[in-house]
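Lettered A, B and C in written order, each chain numbered from 1.
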């Protein structure tokens, strides 16, 4: 059994940008040469989250609506007074959605449903350069 | 250290069906013969989630109420127009709750609180055949 | 590769107590002597959760507000009738936030954003003695 660390680096467009990274994770797994194990997908930062959903335009719109209902962008947050960067809503969404996801793989392939994609959720109120860590443990 | 992959297959009754799978996970762990490590419980599909809570009838009712407050079933979602299957609410609940959970074990037993059960949350609007992957890494 | 199990034990002050445990996790990692791998942070109990956020007073207030909006403390829950301990709201918040978090590490250090702390969220309506399990798998 071994550990292989990979990283995905990408640029986002700010709050509401939901990015399907399934293919990048699958390709990283293939380059690692592991057949069976887990990949932990961890997003670095406090205004970004990770989950899985069916990546299609209707649901993307719905997910944006869900995140907005959890922590509306147009409300004032105590955090906004700390740095003056008005992204309190971003932090709340990220903390609730969470930064880590662990996906099993077998025969060198991620075990996912057909309509289940790994999606990075940018919550910050401006474009960001992001780093996603893929920690693969397997054989 | 080694990896053992097990699967739980079960039939659900559709949205609101919350199923305690703790015993099945514990039995799978015993059949794997591992003493110490982690089991990652991963639900395959985009309208299903996994978490832990105290599995008793009052709280089951409350959890159903919580999920309904997050994404009401009687609201229209953009996703409903994509496939015409009216389960936008199911996808939103599943994405927020998340598909993976990692539980440590020791001396061959899951480390859980006395009132903490592993619960599969069916969110889809119809009965489904479900597959839960148990990826155990340990020794 | 090996598994090292550590525990953090701490006393909380009840609902709304959000505790930064990053340093404790980092120190446990150092005492384990591992350089590369994952640490799974698992909270034992059904009225407690774990996540990451920027640990500063404004956001702490905002997070308390978020959890209260998800499951208000002053509402009646069916669970409250089961035991008469009036902490239905605690269970709902814990189930949605989730009990497990997996953080990768490299060169003996947790891979986290500068403003990203590991935070234990006490949801119960009274002070509790808590146990957090740190399951480290690495080399």
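Throughout what follows, a residue touches a chain if its C-beta (ideal position, glycine included) is under 8 Å from a C-beta of that chain, and two chains touch if they have at least 3 such contacts.
Keep in mind the model is a prediction, meaning the values are calculated, not measured.
Novice: Any chains in contact with both chain B and chain C?
Specialist: A
Novice: Can you report the angle of the rotation that maps chain A onto chain C, using C-alpha atoms only, to the nearest 5 degrees?
Specialist: 120
Novice: When the C-alpha atoms of chain A and chain B are each averaged to a single point, how far apart are the two points in Å?
Specialist: Computed value for the inter-centroid distance: 20 Å.
Novice: Where in chain C do residues touch two or more other chains at once?
Specialist: In chain C, the residues touching two or more other chains are 1, 70, 96, 98, 102, 137.
Novice: So in the complex, the part of chain B that touches chain C is made up of which residues?
Specialist: 1, 36-38, 51-54, 56-59, 61-63, 66, 70, 96-98, 101-104, 106, 111-113, 115-116, 119, 137-139
Novice: In the complex, go through chain C and note every residue touching chain B.
Specialist: 1-3, 5, 40, 42, 44-46, 70-71, 77-82, 88, 91-92, 94-96, 98-100, 102, 133, 135, 137
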